[in-house]
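Okay, so subunit A shows up in both of these, paired with subunit B first and subunit C after.
Showing the complex of A and B:
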């Protein structure tokens, strides 16, 4: 049993399949490939879908989940109460080949035309010979004669989803797309897990275009914090879904849309962290007009820096103003000030209150827009400083 | 503050003035960067009793055969440039530490006091910046070594609020050559040092008649410093680098030596700070090389603070905390220079900036 949530609702619903794989006993010796972040990422997204299920354009119909946590030796994982008290079970099955096939089949079996479908994977990943994203499951390399069979192609899965005629399909792949010579050098195409076979005729009909995003570009690595926090792309995704990758839609008002996720997550990923720049990449072309979640109060993520960045630490405070009205101000001297501001159609100005002896920074005005804005302050010209 | 600095192995006064110049400049650097100009520093010289440098006949030397194999010089140079940027992205403080070591080492021989001070001050500010900001936001988009230099210079200039002077006066980034060091120079640098170390360590622990001269030399400096510290109500700080740390530990453990010191002091000896830098004290304690203290405590005298500073890249530096009660280990790591790390502490701006802060935190400096 790994179905965590199921609701009987008339009309279109959202069916989610969330996989967090951080336990890789066969991939490298001494558990060197084990990671906790994918489990944290999967739990965080599941939590958001459960808590905010009313915000989904098509309300949550089911949530299927697989987790392989390196702190649990093998088998299922008891997640306790981290997903709230409305889940059907706290015992989550492992993200291995068998469970991925079985639960994946059940997940696909629930999808009816007009539903929305969400797939999320976080774990280790590689690129196949066509440059497609491949997710590795717990028992990867466990079979001597078929070492890479315990994996799936995110590109194939995305294409398969569109042939089920959902209204919208959303695939988020937070894993590396590393080029591994051993995989790329197979004489035959690796026969890994395809949850559905797809014919040419299937994809030439009137099908939706899934928004399928990978957290890293082909040939590049995805990154995650070492502690039990979601991987960085997942953090950006969660932020975007929470209300900043938004646009105003005719049907749903403010909503998180495919277009904003496609273009906004990259912009957001460039401003959220100091240690890493997240550069997502689409797995399939996308040009649909679809919304995933509605947002009552959209916001914009603002990042303020200075060049040199040490100047900002010498300010008494940093303020965001609408004309003369202070909207927000920083409370402590920092190298970078990050703040979320309600999104409105207006110009805002970032101004600094200078400490005595510090180099004054010139104010900067910007137009508010989703999802984020990076304001870089520079020393004021000499005449202004005087 | 009264300070006694006990040097490690490989310190030899050849009578050409170089040793005297080195100690004078080291005293100036310690006083300016760590002690806020409050210290009188004594440098007892015990190298004259150690292994004679010319005795190193058993050392093989590099013939250079391996250097013609592989990709020659140009690719290595390119690799260096790429590696410093990559290393900075992985460990920014470590790279700043390594660069400061290279810069301060290079400027140590300058006859211009103003130039020495300017470079020291720049890297002290860089160390403080890197400590406060271990992952600068501009680092992830860094592409070249020149850009690293410009951004670091900009941040340091801004931190000292001297940006209007322009950047022309800022010292350029020193060049690191980790590939060359790894390829052929490491052994040439490390092996003589190891030989000196083995010789001096064996002399000190196994040849008591010879080591008595060393003890007398160090005791004299400790007594002089302790008397002045007592008269002026100043802190007494003992610093031991490498083998110097082991010598100090032994002198402050050996009951007969302590009795001798206290008889001449006419009071119990009390040390405010015993600072080991890149020492083997922890290893020798584990090997039971030190005298047993009568007090049952690790040391036979009262020591308020016993700190041990080590660099992970320094293969001759050992932890003391696991083997000696009361010692606090502090890591001060560089990201390059495996073969030179043992001698790099006093060219590392992080060493001085963090020591200065810890002295203030401990109440030893105002």
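Showing the complex of A and C:
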């Protein structure tokens, strides 16, 4: 059993399938490929979908989940109460080939035309011979003669989803797209898991355009914290879904839309992290207007830095003002100040209160807009400083 | 009480107007297509912002306005007038650099920002020769060169141009010679890749819509471009001897709208007439795919890659989608294997290519038909 949530609702609903794979006993010796971050990422997204299920444009109809946690030796994982009281079970099956096929079939079987469909994968990934993203499951390389069969193609899955005639489809693939010569060098194409066969007539008809995003570009790596925190792309995705990758829509008011996720996540990643680069890549072309979640109070993520960066730490405080009205202020001296500010149609000014002896920084005014803004303060010209 | 506001345009372009009021759901989106088009809307008293986007060029600006209790009817003009009335003249001969051994025609853009090689070759011929059309400049817009094809147009030459970006990398692209002329844009800052656009407004709207429109807008844009109905847009493919690039853009828009099965069998003849243009083959392959003709689809795609040049970025994406579906979903094992091999070739061909607007720009040296 891995169906965590099911609701009988009339009308279109959202069916989610979330896979977090961090246990790879056969991929590298001594469990060197094991990671906890994918499990944390899957749980965090599942939590958001469960807690905010009323915010989904099509309410949550079902949530299917697979987890392979390296701290659990093998088999199912008991997630305890991290997903709240309303889940049908706390025991989540592992993200291996057999369970991916079985649960994937059940998930696809629930989808009716007009529903919304969400797929999320976090784990190890590689690029196939054609440069497509491939997700690796727990038992990858467990079979000597078919070492790469325990995997799935994210682009094939995205194409398959569009042929089920959902109103919208959302695929988030948080894994590397590393080029592995051993995989690419197979004489025959690797026959990995295709949850649905598609025909040419299926994809050339009037099908929906899925928003299918990979967290890394072809040939690049996706990064994750070493502790039990979601991978960085997932962190950006969660932030975007929580209310900053938004635009106004006639049907739903403020809503997280495909367009804003497609174009906003990279910008959001640039403001959320200092050293980490998050460069999402669309897996399929997307030119639709679809909303995934409604947002009652949208916000903008603001990051304030200074050049040189040491100057910001010498300020008594950093303030965000609308004209003379203080909206927010920092409480501690930091190299970077990050804050979420309610999104409104207004200009804001970042100002610093200077400590004695510190170099004053010139204020900067910006227009609020989703999803984020990076403000870099510079020393004030000499006459201003005087 | 609501007040009527009329949005009107004096521009020849296709323009998307999105009007936002104070309430989150107070969002209205509509298209204005061509000179004199107008749309009536009703608004409560208050302040509004109209986001105006030219779908052909991608140009975008905000237009704040206020509806007062006293104004029963307002008329707002949106869309900026293009350069349609400004004068174009031939670039004087002395601005052209002398010919070199490799480059029959080496010219410097009239802005002096970037130089490019502009050459052409006949279908099925390997040798490049001097571009026989005209190059025009406009004193009001020094960053734009207008290319006009020669009067003798029956041979459909492939025109390539090569240029360096700000980082010193060499790129090349294939220039579509639209029937009304093609504009080459050089930006002074920002993107170092020159942009290409049709000069004629309707063609510009169709080509620009490949990058800037959403699926819902395709039908309206095609109807307007065709003059009456979408069927005419499809029919224009049949009569595409005059402007195969505009016809291909119309077909690619239809494909994106999920209506490739309406293209009709003449897209196959379109591909036969223009083997030098891989986009035509890809469009024909899409139509074959919509009829579940797997073998013909794969044959068209392979032939398109081998014989033609790809102009539109959308064509690349469409070709890869078809091959990906064939590779995983075909009932025939040999065909599945062949499709996967072909997809690998397409991916390798695309490696390093980027899009500049609706068109593909290739890294020089990495592509089979590199003009260098």
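Here, the second predicted complex is superposed on the first by the 386 of 386 C-alpha atoms of A that agree within 3 Å, B and C clash if a C-alpha of one lies under 4 Å from a C-alpha of the other, contacts with A are read in each partner's own complex, and residues count from 1 in each chain.
FYI, a contact is a pair of C-beta atoms (placed from the backbone, for glycine too) under 8 Å apart; a residue touches a chain by one contact, two chains touch by 3 or more.
Since the model is a prediction, treat every value here as computed from it, not as a measurement.
Undergrad: Clash or fit: what happens to subunit B and subunit C when subunit A is overlaid?
TA: They fit: once the shared chain is superposed, the two partners occupy separate space.
Undergrad: First (subunit B), second (subunit C), both or neither: which does A:358 touch?
TA: In the superposition, A:358 touches subunit B alone.
Undergrad: Does the superposition put A:336 against subunit B (first), subunit C (second), both, or neither?
TA: First partner only, subunit B.
Undergrad: Given the touch rule stated above, what does A:274 touch, subunit B (first), subunit C (second), both, or neither?
TA: Once the two structures are laid over each other on A, A:274 reaches subunit B alone.
Undergrad: Centred on subunit A, what angle do subunit B and subunit C make, from Cα centres, as a multiple of 10°?
TA: The three centres form an angle at subunit A of 110 degrees.
Undergrad: Could you look at A:159 and tell me whether it touches subunit B, subunit C, both or neither (first, second, both, neither)?
TA: In the superposition, A:159 touches subunit C alone.
Undergrad: Looking at subunit A, does subunit C or subunit B touch more of its residues?
TA: After superposition, C is the partner touching more of subunit A.
Undergrad: Taking the superposition as given, does A:321 touch the first partner, subunit B, the second, subunit C, both, or neither?
TA: Touch status of A:321: no partner.
Undergrad: Should A:305 be classified as contacting the first partner (subunit B), the second (subunit C), both, or neither?
TA: first
Undergrad: Could you look at A:220 and tell me whether it touches subunit B, subunit C, both or neither (first, second, both, neither)?
TA: neither
Undergrad: Rounded to the nearest Å, state the minimum C-alpha distance from subunit B to subunit C in the superposed three-chain model.
TA: Minimum C-alpha separation, subunit B to subunit C: 14 Å.
Undergrad: Residues on subunit A in contact with subunit B in one complex and with subunit C in the other?
TA: none
Undergrad: Mind pulling up the subunit C residues that touch subunit A in the complex?
TA: Per the touch definition, subunit C meets subunit A at residues 20, 23-29, 49, 213-216, 255-261, 286, 289-294, 297, 314, 317, 320-329, 337, 340, 343-344, 346-347, 351.
Undergrad: Considering only the defined contacts, which subunit A positions touch subunit C in the complex?
TA: 129-132, 153, 155-156, 159, 188-189, 194, 197-207, 209, 248-254, 284-285, 287-289, 345
Undergrad: For a test of understanding, state which residues of subunit A touch subunit B in their complex under the given definition.
TA: Per the touch definition, subunit A meets subunit B at residues 274-277, 305, 307-311, 313-314, 335-336, 357-359, 379.
Undergrad: Touching subunit A in the complex: which residues of subunit B?
TA: 129, 132-133, 135-141, 151, 154-155, 157-159, 161, 163
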